[in-house]
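Paired with subunit B in one complex and with subunit C in the other, subunit A is shared by the two complexes that follow.
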Partner chain A sequence: MKKQVLISSFQFCILLIGFLLGSTVILVPGSHANQNAWLAYVIGWLGGFLLFSIYIALYKRHPEKTLVEIHQLLLGKWLGNLLSILYIWYFLHLGSLVLRNFTEYTLTISLPETPLWFMTVLYTLVIAYSVKSGLEVTSRTAELIVPFIFLFQIGITLLLVPHMKFSNLLPFLEDGLKPVLDASFSVLTFPFGETVVFLMLFPYLNDRKKLKRNFIISFLLAGGLLLIAVFREITILGELGIERKIFPPHLSTKKIEVLNFDPLIGVMFFITGATKICVCYLASVIGLAQLTKSNDHRVFVYPIGIILAGLSIWIYASAPQMLSWAIEVWPYYSIPFQIVIPIALLCISLLKGKKKSKKASS
Partner chain B sequence: MFRKIIGMMKYLKYSPVNRHSLTPLPEEVEEKLSLDIGVTKNRLEEIFHHSQGFTIRSFKIKTYPKNKAFICYVKGLVDTDTMELNVIKPLMNEDISHYLALKTSKTIANTLIEEIITSVNAFSLQSLNQVVEHLLKGYAVIIIDGSPSAVAIFVTDWETRGISEPSAEMVLRGPREGFNENLATNITMIRRKVKSPKLKFEFITRGIYSKTDLAICYIEGIANHKIVEEVKSRIEKINIDAVLESGYIEEFIDDQPFCIFPTIGTTEKPDVVVGKIFEGRVAILCDGTPFVLTVPHLFVEHLQTSEDYYIKWPFASILRIIRFLALLLTTVLPAAYVAMQTFHHEIIPFRLFLSSATAREPIPISSVTEAFMMIVIFKLIQEAGVRMPKPVGQAVSIIGAIVLGQAIVEAGVASPLMVIVIAITAISSFIVSALENTAFIIRILLLILASIVGFYGIVFGLIVIFVYMCNLRSFGIEYLFPFAPTSVEDLKDTFIRTPLWMLLIKRR
Partner chain C sequence: MFMVIVIIFAILALTLFDLPFLFKKKNPLATFTYYFLILIGIFIAYINIQDLPVASPAIYIEKLIDLIIRR
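Right after this comes the complex of A and B.
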């Protein structure tokens, strides 16, 4: 299975960019740092570079191996598989959160009378079709549509320039550094730390030597685009705006005269959100296939899809709960998955490697 | 369940359907020519019993000891003047006794070919099956008493349509010649443009009764060897009674038999075919039709025309972009209009919304129904216009434009905005005419989705179509090739056409 599917470095960049933009195109990352959200965002961004470097280092120690296989190798069969199951759950959970984000957005903004389950099922069907077609087709589709995001984001930002008030950025750090660091931590775990999912996809790259370069390019591009969006929201809506509104970009685009670009935000979110869900979905499906030593991961697509859809409906009661959960619970819930376990795995791998080299030398 | 059905259909497609129940054709049993001329004559008359046009003309070969012989042919397929002048006249007049005395080891048939017959193309045949086959191809065959072989002479000549400009592929600039129904003419037209021995033609005959000649054409060294082999093996698997048009071949060798996108290209113009084989593609010519198939056929080729390479590149690039725009409009526009009318009023500028609402006010049906109705009416007019003789076709267009277009608005059945939307959709669909039927299916699909969840439905539909297209392959090449997987080198010939000196002529 591993040798058959190969994705090019461009496709990998596109997947990573789509993943990072994800649901952040309709939210403002670090919004609870008010007018200093941009600073919180930048700190989180830099932390993201560090985290992803750890993931790459872990992968480089065990090339050709996915996270599930690394677990088995380093922690043995039982503990390793237990951890893999937890990770698969985590990916699935992440996917259903993004799915709920999207359905909640569409229902709140433009289709208030449509039932939640209907949008969920429709969206899941589209994504399941893409996942069923495989990683190769998914990444090809992504490279076809994700580049449009840049066009849309930059276009909308340029149209909004007349409405920007740069005084909204002041006062700078009025409550000290603590709230900013708090917010930056949540930025680190959402979206940057979530890239731990890519540990499942690294072995499918066809040019692994350029991995580091690709990761830096994608982080710079996606991060830069988000930074522009954060600045845009702060300067247009002001501190109260980004803190109180559920979906700030939706409100700011409404300020464009004559034409209403609001659906464009929805389209953008659909594209990036779909990329993110697809990656999570694929990761959990591939993980399950490797856990059960099955040759074809496609058998798991529909069962996992049903779980994904069901989970996204049950997970929250309302949109405000979704937002508070994303800010208050998600970062702490993610710490073990995004930070603790990968670092621990890297340490174990390094120790084992030392032992081996000692044995070899003696 | 669906997989089972599809599997069964595939089986039907690629398996001989109970050929055993049919009576074996005379060709299927190898039969030697009899030394006795009378037996052969009777046998031929028996085979061609009730087959109008079969003619036998007996004569005597001068100075040949057993001088009985006859020449047979199918009337209408051969040129009798050439036959008289180059075959019968020398046979009856020339003295061959000294040749016969000189070279005893040679058969009489070979002696005749080498010494007497002045036709360009003549060869000997060994069996009765071959004789029948060549007779039906338009050869004249001489049967000689006491000889185990017969002589076939190429005197084929039948009426063909002259070379004219194909009406489906008009150009403002570029060669105006198009293929006709004769395979030999078509091959010469390609050969004239590629004066190189690297240009290869391989012949395969398909069709149990029709025995249609197919030619696989490619340039050695440019075309991918694997693709040529794949094309050959797929064509050889075809088992069908008759091949009347290249469309038969197209359906049998398609990668995805149930696909709504054309993954095999067709064209009527030699310059287009030559351009494609220079890009490494393989062309399949079929006798009896001016439409030549080219494989692999990628999505982007629907938006390229041969003219793009004949005019200056900035203008060609503008036309390319216009074509992409047309494809987008023809698929998305009705759905987008319905979505705006039904779900997203806020997008329409306020003044326009007011006027559109006023126009829609007297109309009793929903905008989705309105759109469906108009799309179907447009399709009706179009189909009527295509099949009608030209003078009637004009009447159809008058009915379409004036009676339906104007009256439908005045009667309050459809809003003027909807008429504009459908008109733009229709005009755009003519620009990408190769994808017209595909666009129709996508248009309806998106319209249904848009009527359910508005713009989100359109995006859902488009993404599903993108994933579907990414799944497609044409002879092993990804259907969306220069876009996905992205190849910067090949993108130079898509949205814009870069100057010719920047384009690599050879690909893959």
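Right after this comes the complex of A and C.
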């Protein structure tokens, strides 16, 4: 079935970049590897390339099919639908996690007197409006605002150069490679493996031949920008700073004497966080619409919005619990969704393809 | 309790905007899923407003993972 709404290659790149930057603009990925966080990040980044290639290979075997449709095709109606429901939950959970990150950041840094529910409802309203308007509108909005992130990130980094202490990067591999590999696994699952959600959006790309090129460009740009941010945080705050502080980029930006650039971090997170939540929200409602054989995903925007907002408040008791969950539980929780199931689906697809070609030749 | 009633009423009242679409499409599965999700939304909103000590899904996921990898 041909999808009606289509987005351009550039819009897809921007969505993917915004998604990858997501909450990582306020956190330091792989921070528990201390001064070696940059190495953990680079390993996770390379793993991310490999993982996304698997997603593309799976999609290329089933062009114009979303993850929900691929499940039904490869696993049958019952098992396929069950797996699709689990994935819809996963996307919703990811969206609520990012939403909670945003509200916690705003309450901790900018508006400490504001109730959590108020920020959650306001942010959900904006995102729900974007999702209700459709993928095209969301992509165009992202196209307009996400490029500013490059300007802000590079600008902040340049202003912070005088505060960087490169001795903070030492000692190199003090405790061996194990903590670095542990941290790189967590980088792989957050943010790179989370791009599994794009398996729901690939069919909406108008020029699918450029998919591989778009992915490489997006991964290089977003990954490079994040690598700069990781280096910046380590060299400015040191190992203790990045490991112990809740939102390290906020603290490092405070070191700029001339002007208060701290709100820019909030603005960046508002843009990238919104892009990430929109993608997760869209994937959930598109998945539900396909499961229920409803032609229009917009009908599910309202109920999913209520659940998203409610879940983001209910799911964690506090900001430290949210962060420890993201570091200790999220990587393991993501293994089946990001690694095991997509690889299994690709293997099943290859086996089925071989069987078909054998039948055809005989 | 008044707050709970107001919020549940607001959630249900807002479903009126989607009703024309649901009736027009005549898709019972979509209608059922829609109201099932609304019920889940009301349930979560009730827990949040009343601040009930109900463990969130994150706690169960954590317990399940602890059980599997025996941390």
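As a convention for this text, the second predicted complex is superposed on the first by the 360 of 362 C-alpha atoms of A that agree within 3 Å, B and C clash if a C-alpha of one lies under 4 Å from a C-alpha of the other, contacts with A are read in each partner's own complex, and residues count from 1 in each chain.
The criterion applied here is as follows: contacts are C-beta pairs under 8 Å (C-beta built on N, C-alpha and C of every residue); 3 or more make two chains touch, one makes a residue touch a chain.
These figures come from a predicted structure and were not determined experimentally.
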- Kindly classify A:173 by the partners it touches after superposition: subunit B alone (first), subunit C alone (second), both, or neither? neither
- Query: Does the superposition put A:126 against subunit B (first), subunit C (second), both, or neither?
  - Reply: first
- Message: Looking at A:332, would you say it contacts subunit B, subunit C, both, or neither? Reply first, second, both or neither.
- Response: second
- Where does A:10 make contact in the superposed view: on subunit B (first), on subunit C (second), on both, or on neither? first
- Please work out whether A:144 is in contact with subunit B alone, subunit C alone, both, or neither, and reply first, second, both or neither. first
- Message: By the touch definition at the top of the document, which applies to A:302: first (subunit B), second (subunit C), both, or neither?
- Response: second
- Check the residue A:114 against both partner chains and state whether it touches subunit B (first), subunit C (second), both, or neither. first
- Message: So in the superposed three-chain picture, is A:260 touching just subunit B, just subunit C, both, or none of them (first/second/both/neither)?
- Response: first
- Note on the structure: In the complex, subunit A touches subunit B at residues 8, 10-11, 106, 110-111, 114, 118-119, 122-123, 126, 129-130, 133, 137-138, 140-141, 143-145, 258-260, 262-263, 266-267, 270-271, 274
- Parts of subunit C lying in touch with subunit A, wherever the complex brings them together: 11, 14-15, 17-18, 21-22, 25, 27, 29-30, 33-34, 37-38, 40-42, 44-45, 47-48, 54, 56-58, 61-62, 65, 68-69
- Touching subunit A in the complex: which residues of subunit B? 343-344, 346-347, 349, 453-456, 459-460, 463-464, 466-467, 470-471, 478, 480, 483-486
- Per the touch rule above, subunit A residues touching subunit C in the complex are 93, 117, 288-289, 291-296, 298-300, 302-304, 306-307, 310-311, 313-316, 325, 329, 332-333
